[in-house]
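Two complexes, one shared chain (chain A), two partners (chain B, chain C).
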Partner chain A sequence: MSDRPETSFFSPRRAGIIALSTVTQLVRMKVFYFLAPIALLFVGLQFFDAFWYEGPEASQPQQELMMHKNLCLGTMMLFSSLFAIVSTALLIPGDIEDRTLYTILCKPVPRLDYLVGKLLGVISVIFVAMLVMDILMVVTLNYRTQVVSAELGEYLGAIGWGEEEVRQGQAEVASHGPSLILQYGVLAHFFKASIIAAVALLISTFSTSTLFTIASSVMIWIIGAVQSLAREGLFTKGEYGVEPGMVDRILGTIISLVFPDFQLFESVSDGAARVMEIGMFDMLHLGGLTFFYIAIYTVLSWFVFSDKEF
Partner chain B sequence: MKRFLKSRNILVIAIGLAVSGAIRMPVEQKLAEDYRERRIAAPKVSVETWNQMGQTGLAGTFGGLRSVMASILSLEAQDHFSNQEWYELKQDYDVITSLDPYNSFYWSHGGWHLAYNAASWARNRDDLKPIQRDTMEREYLEAGDAYYREGLRHIPDAYHLWGELGSLWSNRFKLPDYERALEAFKMAASFGKSPIYERRYVYLLAQIPGREIEGYFEARKLLEQDPSHLRLPSFRAILYALWTNPRLPLSEDRPEILKIFRSEEEAYRNLYNYRLRSEEEGYFRGSIDDTLRILANKLDVPPDWIPFLVNSRYRIPKDFRSKRNVLPHSRSGNPYFQGEE
Partner chain C sequence: MGRYAGLIMSEVPAVQVNRLVKDFRGPFRGGGIRAVDEVSLSIAPGEVYGLIGPNGSGKSTTMKAVLGLVKPTAGSCAIFGRDSSKVDSRMEVGFLPENPYFYKHLSAAETVSFYGKLCGMRGAALKARVDEMLELVGLEEARHRRLRGFSKGMLQRIGLAQALVQDPRLVVLDEPTAGVDPMGSRQIRDLILDLKGRGITVFLCSHLLEQVQEICDRVGIIHRGKMVNEGDLEDLTSIHDRTEIILQDAPPELLEQIRNLVDQANKGELVSEGHPRSSLESLFLKETIEAESKQKAVSTKQS
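Presenting the complex of A and B:
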């Protein structure tokens, strides 16, 4: 009998250590430098009369704020999704290339710990990056809300509106400023980026090239944005009450089963920008769905990775 | 062995994804329907619009960038407007409103382009026979109407779209349909968010022959709800005119000038201007001519500002009793939209 202590199936501590080293690894790759142009974009936009702020579509003060929120959320979504794909795709090949992987796996570290640690590391970096972008968005949005509110008060006062009416108008504008609902929108993008990272992790476990992993993950990201069309074709009747044909049904089923649905996350983010009623329960649903996706992709990644030879 | 492992992995991944997909699919569908019902998610886009979207559609599928894409496309639509390419303009707005369906501005702007710009263009097509012109104009008006209504279907609380529908069908330079306009103003007013539409409903009733008594009761109701309506000259004058209707029930006491107007001078000015408007726009005049005669005598109004002596089309100035304020030039047909009020 061996005297070696038995290695547990999964250790959160071990996964945590690997996650921490992944964060260090990514930080050394200078990924946060990407935040500089985003900061410039968010802040710089306050000093330029971009047409979507000044155009007729922003004639209502709240529209102007909505445009700002949409632009910031859109940028955050693009950055977090791309970052999730590229960083995850680079991690395992990077570890193989600099031989870190052998050093880790020759120790009593189960491969599941390694994968979970890597994924958690990427998700942590995405979280920090989104937090910084979120702070930038809230600060610039707050500034813009105050400017718009002051302009509105001045205008309404000039055309003879009463104090109470002016206050109501300003309250309406303020409701489009920074709020908890807006944070739900950011969280939805974070969930989505986490799923994309898990998808990229799954692909990178069997892919032989980084380029393939990135290209496939981007494709899945794009298909995920329109996956709901295929699924809805299965659940609802066609536009003119026409049932989809057999081929459409088979294709729709395959797409719906295989690809994740990112439209739900987009919808929550869009709704948050419009200050729709999004509550904690909605976020719990989305969070649950995210956990389900990540769990499935991680288990599948582990299955492929468990007997991969290096 | 390696090949076996590869095939086995692919099979396991496929089965894993299929099973998990089968578990999550109904949940996701339910969530999507819930979001759509609560207007968190955008409504379904028709196949036709998807086709029109082209590459924009792909960009449009990414949340957050939709409204920016819509904004960029609205610039393109402006080009079609400048070139009077109405079909292309409508297609642009179909895409724009699909990208940003909860922005009432685009529904309002799309409707305005069709109902006002395209319809006016059709009316001025000298190369067409009158019947063709009329048909084309009506088609554009209806297309604009449909646009406003589609906007309301997406954003039921965009009450100003009802207001715009009311303005469209009460516009005397178009093809007025007072019943539609009344319905629209009533809907806009029912939100209780803008007193403008409550007043426009009353104003329109005062324009429709036979609906004056109804207009009077609506005006009184508004006044009881909010006396601040009286700060508006149009409302004061219309209320007074409706109140002087001899066909009102006897139980309705006769109006007292100083209960509606702050002074007799103000009453004269408001009623004088209202008389001009009623000539142009067909407002109910009631017995305001009698009141104007009495006030003209009482206030010693210069002849230039007595409508029964001089048929002026100018609005009356604030200090009309001053000798300096004579008509700019005699009896011209210049518009009366001049001066303050």
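Presenting the complex of A and C:
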């Protein structure tokens, strides 16, 4: 027998090496070029007013800033979710088709290390991309906030409002500018994209094609977004007081167990755009939920992948 | 010394395949196929073993079972005494798949380094090993080039470098010279002979029987999933009732005397005589190497 040491069940270092290689691969695939049109969009938003925006004389001038935030957060959500699906769906089947996986798994690399490494690589790239988009959003929003605030100050001064009242109005506008709560909204989208990447990872372990992985992941993404509405319909009494049947209940339970519920993440993001009260505890809860989903999907992926033959 | 220091290393076979069976299920019940049928083989440490057979005979499946890439339906495989389905056994193995593809976004040095890191290597030791491997396969000059622009022969050589990076005691090669030109093929063959010289066990599959004959100590012939013949190459290929005498600069009179002697002896028979032929591969290599050296000499003179 050999005198070499035994390989551990899971090695964070090895997973890290695979994650770093995945990051390098995605970076050299020039995925960050996608950020250029997004940057243009964010900057371009400065030159357009919302069609309902009535100028500083409007009763709620901060609506202009809400439009900016909603558009930025929506773009970030769309980009990060699609990126999570496509990149994860391309990486593992690509390694199998190219037989790169053979050479990796023929080294002392447990399959869990490989899966976790790939997932961490994708999540790291999403994190960097979102960080760049977040910085862009904060910079452009800050500029827009100053413009709206200055316009409001001028207008209120012209119609004879006192200095204190003007300051209050401007403070109200400033509260809709960059803030910690807005960062919570970005974080919620990052969490959501990470879960979607884990879902795509699971599908790619048993899928036979990239197209199937992408289509199935998109479907789960959509189901995840609307499942709370469906469950509401199935679990609660209907309009005419009809109790949901056993089949409805079972179906609802299965859906809630199998598919992630993205409504919570959307609520946090919406709340962040509207500057609603979001506490640290809410974010910890969301982070815990994200970890739970990712852990479940990764373990399932491992079960499927550990028996896979190449 | 490690925990297995008490064991005598040479007693443990490098590869032990014991009555291996591999069935692949079909899409319908009963539609499956048996790719490998009760194959057994044993490769001693330091040996070069060639598994040959037609396409679809079960060579690659046997190899994949040894590497833990497929699960045996029955039987077992072990590498230096360790169950090959366990990850630990792979520390001792370097594998070069047929027509290998690696991450095209990495350079030659990054590729070897990546596989070295996966084996737990790091720091100055890893850097030195990467340099050594690139030198061994003759790719030092291409170390910073990305694999995207590599030829098949270069990819094969980088594949060999990654297979050897952790200094394995067993190297598994699946069609190592597939699609490589004769010059590259010769280089790979020389590398295999070099590995043999270092005491590394080599387990290879190849369609190029001439090459297998040149480098292997033992061969196994597999057909329709069954091992039909196995043994020392010398024993399997020599024709025991014939004798070959090769003479250098023999005059016609001497040849005539030999013919007469055979006739007079009334025992044995002269089956054929003539000039031994060099292989087409040797001729090709001789011509291309000569042409290359002439060109080099001309360009040196001109400069």
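Everything below uses one rule, namely that the second predicted complex is superposed on the first by the 287 of 310 C-alpha atoms of A that agree within 3 Å, B and C clash if a C-alpha of one lies under 4 Å from a C-alpha of the other, contacts with A are read in each partner's own complex, and residues count from 1 in each chain.
Keep in mind that, in the parts below, contacts are C-beta pairs under 8 Å (C-beta built on N, C-alpha and C of every residue); 3 or more make two chains touch, one makes a residue touch a chain.
As the structure is a computational prediction, the values presented were derived from the model and not from experiment.
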For the three-chain model obtained by superposing on chain A, do chain B and chain C clash or fit? fit
Touch test for A:137: chain B only (first), chain C only (second), both, or neither? neither
In the combined three-chain superposition, what is the angle centred on chain A between chain B and chain C, taking C-alpha centres, to the nearest 10 degrees? 170
Report for A:206: first if it touches chain B alone, second if chain C alone, otherwise both or neither. first
Given the touch rule stated above, what does A:197 touch, chain B (first), chain C (second), both, or neither? neither
Return first, second, both or neither, reflecting whether A:104 touches chain B, chain C, both chains, or no partner chain. second
Mind telling me which of the two, chain B or chain C, contacts the most residues of chain A? B
With the two complexes superposed on chain A, say which partner A:268 touches: chain B (first), chain C (second), both, or neither. first
Applying the touch criterion given at the start, work out whether A:25 contacts chain B, chain C, both or neither, answering first, second, both or neither. second
Between chain B and chain C, whom does A:225 touch in the aligned arrangement: first, second, both, or neither? first
Please indicate which partner A:17 is in contact with in the superposed arrangement: first for chain B, second for chain C, both, or neither. second
Lowest inter-chain C-alpha distance for chain C and chain B in the superposed arrangement, angstrom: 5
On chain A, which stretch or stretches are contacted by chain B in one complex as well as by chain C in the other? 307
The chain A residues in contact with chain B across the complex are 51-52, 55-57, 59-60, 63, 66-67, 70-71, 73-78, 189, 202, 206, 222, 225-226, 228, 231-232, 234-235, 239, 256-258, 261, 263-271, 273-274, 276-278, 282, 285, 289, 292-293, 296, 299-300, 303-304, 307
Chain A partner, complex, touching residues on chain C are 1-5, 7, 12, 64, 67-71, 80-82, 87-97, 99-103, 105-106, 114-115, 117-120, 159, 162-163, 166, 169, 172
Touching chain A in the complex, chain B uses residues 5-6, 9, 12-14, 16-18, 20-25, 27-29, 31-32, 35, 38-42, 44, 46-47, 58, 61-68, 70-71, 74-75, 102-103, 105-106, 109
Chain C contact footprint on chain A (complex, rising order): 1-7, 13-14, 17-18, 21, 24-25, 28-29, 98-100, 102-110, 307, 309-310
